[in-house]
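Each in structure tokens, the structures are laid out below.
Shared between the two complexes below is chain A, which has chain B as its partner in the first and chain C in the second.
So, the complex of A and B:
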């Protein structure tokens, strides 16, 4: 009897999950069908949809790039780091300070330049900051954003996270919320709370697509090249180097890694540095792409990054990249049905919650193989 | 003789220490200190008597509201281990639903959006029920998730609520033919009567107004604000009583069992999911009520009032006091409001009173530059100018330090007995001095006594 009960119960649990999956599946098919029919009949403009997809991919690349770091620390240190979004902002400010300094040397004094013109003393347009006009300034900024953030994140680990590393995921999570809050307002203290424009306009190429144009600017291209190169770099680092092997071993089983002689503390350090560096460059690229910088864009990005990481499965960098693209494209595609842009973020969060409910281990099966 | 006095002194000391051990005494001392310090600050700032009393009233109001939400959160996290970081969302739902129900049907003047025009008590009940239902919607699917996923789901929910309220789409809509609206980013204005009128229109209230006028020189508005704060304190006591009763009931014991070891509770035949859903809904409804009481007298509300900051404040208060302790939640709210929330502003005013600070440089660069030539004045001025920014830094640092030094908070010792009968009152001789045969299961610090 009891086995029958068990089977019935299992069936019931299974059916509720499958029911949810069914509902989501039907919804997805309905939306897709509507999209195809709409495109075929001309209700939805093909070029507009293509623009949404392109924007979504670009946005998704940023989320994915930042997500790699979050995913790595999540799986190796076992906690959800709520300060990661503010690492993104910090990196952007570090990098753009250098870009302004290089591009504006002699035009304005050093202080305002390094602080990215806190009182709007100069603007990016005045300094003519763009990948085409001032490539060296942009590349220097990108490099500094990565390196300086990596070191900065290491410092924060030493001060805030290392002392409580052994006390489990939740205390670390709460600590990270405190770090996020403190860091965000330190940024306001140093860089001020004003929003400023950072770039001059750049040339772009227009592609004709049936009923309109899709335009790809020089900064869009820079974002794609830089993000893909960094993602490939991380892939080779994890797959080909000894450090990568050690990282994968640690995320798999920390104690086992320790007894095998892997210097876990050193691996943790490298994890923070790689994750922080990627977060910093993602922040820099985001500002290059959108052309504005403010003190809380990283925090606002954080939940989207979480959404991407959870969607892809924690611990998988490919999952984070894929999740980022899904979130980015999904957010922008939502504007086909829900115009105005009020609902893009809501769509992303709902996507994440759905994935959590249907497949908590993420689309990439929760394989913690970095 | 002298031996006798020292014995007496030590006796006195142990008595005092025993007294200090009691949470109620700690709370009393802490609150007395808070009020005294703020009264002294008021004096130092040259406030008149009504100014000082008004300062203390504002403190009381804030402590009462934060105390309510912290107690509700304690029910979630402290007792059941549900990591809810979407507190602001549930508060928002409570307040918005109440306002939408209470606003008159015909919008007049500056109040653009119509409501249902229901009487206040029904509107409040509606808001509380709505917050509870929202909790149910989140809880049923999300409770299967790990604590950290649950946390992310709740904060995402709170953001969905806030962004949904901000969006233009729900600005005005109709349900079954009745027009309603959230007002979008512009929010809702209160164009119904003061919700406290039930009390203010009482005969006895006019003598309260006279009394406060005679004692502190209060006008009618200040008297009303004082009465409102007193009502909030009474509600806080009600919250405390309710949650204390809940946690001491058989229901509460199951909650603690879930917190300590959910599988063990399941193995004892408890349907832990049902318990978790019930307690989550209860806590969310209470958060909704606190949200309503927090702002329903103000002239209006916008969605920015429910940014994740609010949740962060409540968590700091909870962690200061110690998760799992109701007295701790109240104490934590008091300390949070007095030291971290209101403190920096008063310190700034005090400094302004004592020294003339002068013009601050308007950028950080202008502040740091002179430091190189050993001139700290511009930096200090800049710091002073940005005091309120640094207040948030202070809050973040405080949370990090608490997690480092006192993760259990001030009163969060969590040594509640799980047994229904009192164990501590038995004379020592009966229990015996030897180790119990059951082994050393008390070292987990849970409910294992």
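So, the complex of A and C:
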């Protein structure tokens, strides 16, 4: 009897899965068909769709870059870090403080510059902050965003996470929620809650695409170069270096890593530093790209980062990168049919839910950093 | 004087005491086996040598130095290698990367040790770039042993190396242990497969309920009527 029941259940599961797949498939085909027909008939402008794709890729690179750290801490420390979004914001403020300081040296006093002009004493446009006009200020800020955030995250680990490390994933997760709130309001206290503009306009290259232009600005290019370089760097680190192999070993089997003589605490420290550094860099690049900074953009980005990382298969850095691109491009492409704004967030989570329904372990599956 | 000298060891996990005054000795180049019924504390005794249990009393000396209560990463430096029974490989790493991890504490990957592991287990040389998770149980066991041999330890601890292997692979595994021992590494093995293990070893211990019950040369234990009836199934 039991085997019959099993067979029936299996059949039922199969048919419900296939039904779901059918619905998703029909939906995807319908949208694709509408897109192709629309493009062919001129209802949708080709250059507008191309602009959406470009913006989606840029946004996806930021989400993916920030997602790598979240995925790494998940696979090596076994918990979902809700403070990761605020690391993104923290890094952005650290880095932009330095950028303002370098670009505005002698123009304004040091205090407001380091605090990224909390009362809007100066603006990025006044200081002419841009990768083209003030390359040293931007590169210094980018570097500091990475390095200072790495060290800062290490400090937070020592203060908040290390004491509860032995007690499992849930206490760590709840601790991280507390860290997230505390950190965010410390940021408000130090940097104020005002939203300010950070960059001057930059030159761009326009590509003619049938019915209009797609423009790639200097800051878009900076984002692409920096994000891709860092992603390649992480790939190289994990596959080729002793530390990277030890990180993968630890994410495979922490107990065995310990009896093998891998210094697990040191590997954990590096994991925090690399993940935090990438989060801070992603925050800096996000501000460079959007041209504005505020106290909670990282927190708002966190849900999308989670969606990307889970969609890609949590624990895999390649899943995080790919998931980020899927979410970014999907969100922007959906503006063809949706009015934009917060509606695109719905697309992000719809994409995640659909992927999980069809592939529960995410696109790159399993719990592995490799 | 024995290389490994465990005296009157009490140990367990948390508040639970499992070993009650266990004595163990392993001389240089010796092949020693611990057998006994389920729950006798065989694996616990081995883990205690490697610093993986809660220490409660007694002493563990290795090469004349006291290693009682030391942590595994310190004990590795003393020249002891340990192969756990389960989950003893890194599945998403390649064979070569698994072996490299075995020598993590060294600055450079020791090419000579790597070559001698490949000579011991030629199949690992052929598959050095394969992910270990995709290999058979017998091959994974070879990777696990190879990993522990990368530091060329003076003493190798093997926790049930034949567990879960197909019958024809069990013999092969024991041959590998013989070869490792013949190359000058002392081995301490915990085995369910008591008859085969006692045949091959120099000396055996029978542990019962966390205490020593018998200790003698392997062949003597095999021919002892009491041991045969109680622990070897007649």
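Methods note: the second predicted complex is superposed on the first by the 365 of 370 C-alpha atoms of A that agree within 3 Å, B and C clash if a C-alpha of one lies under 4 Å from a C-alpha of the other, contacts with A are read in each partner's own complex, and residues count from 1 in each chain.
To be clear about the criterion, a residue touches a chain if its C-beta (ideal position, glycine included) is under 8 Å from a C-beta of that chain, and two chains touch if they have at least 3 such contacts.
Just so it is clear, the model here is predicted, and its values are computed rather than measured.
Look at A:233: by the touch rule set out above, it reaches neither chain B nor chain C. Comparing chain B with chain C, the partner in contact with more residues of chain A is B. Contacts of A:115 after superposition on the shared chain: chain B is touched, whereas chain C is not.
Legend: residue contacts after superposition of the two complexes on their common chain; A:189 is shown touching chain B, with no touch to chain C.
Of the two partner chains placed by superposition, only chain C is touched by A:262; chain B is not. In the superposition on chain A, contact of A:352 is made with chain B only, not with chain C.
In the superposition on chain A, A:42 makes contact with neither chain B nor chain C.
Once the two complexes are overlaid on the shared chain, A:135 sits clear of chain B and of chain C alike. When the two structures are aligned on the shared chain, A:27 is found in touch with neither chain B nor chain C. Annotation: chain A has no residue touching chain B in one complex and chain C in the other.
Interface residues of chain A facing chain B in the complex, by the touch rule stated above, are 20, 79-80, 110-112, 114-115, 118-119, 160, 163-164, 167, 169-171, 173-175, 177-186, 188-193, 303, 306-307, 310, 338, 340, 342-343, 345-346, 349-350, 352-353, 356-357, 360. Across the complex, chain A is touched by residues 50, 52, 72-73, 76-77, 82, 84, 87-93, 97, 100-102, 104-105, 147, 151 of chain C. Considering their complex, residues 242, 245-246, 248-249, 251-253, 255-263, 368-370 of chain A touch chain C. Looking at the complex, you find that chain B touches chain A at residues 83, 85, 141-142, 144-149, 151-153, 155-157, 159-160, 163-164, 166-169, 312, 315, 319, 362-366, 368-369, 386, 389-390, 392-393, 395-400, 402-404, 407.
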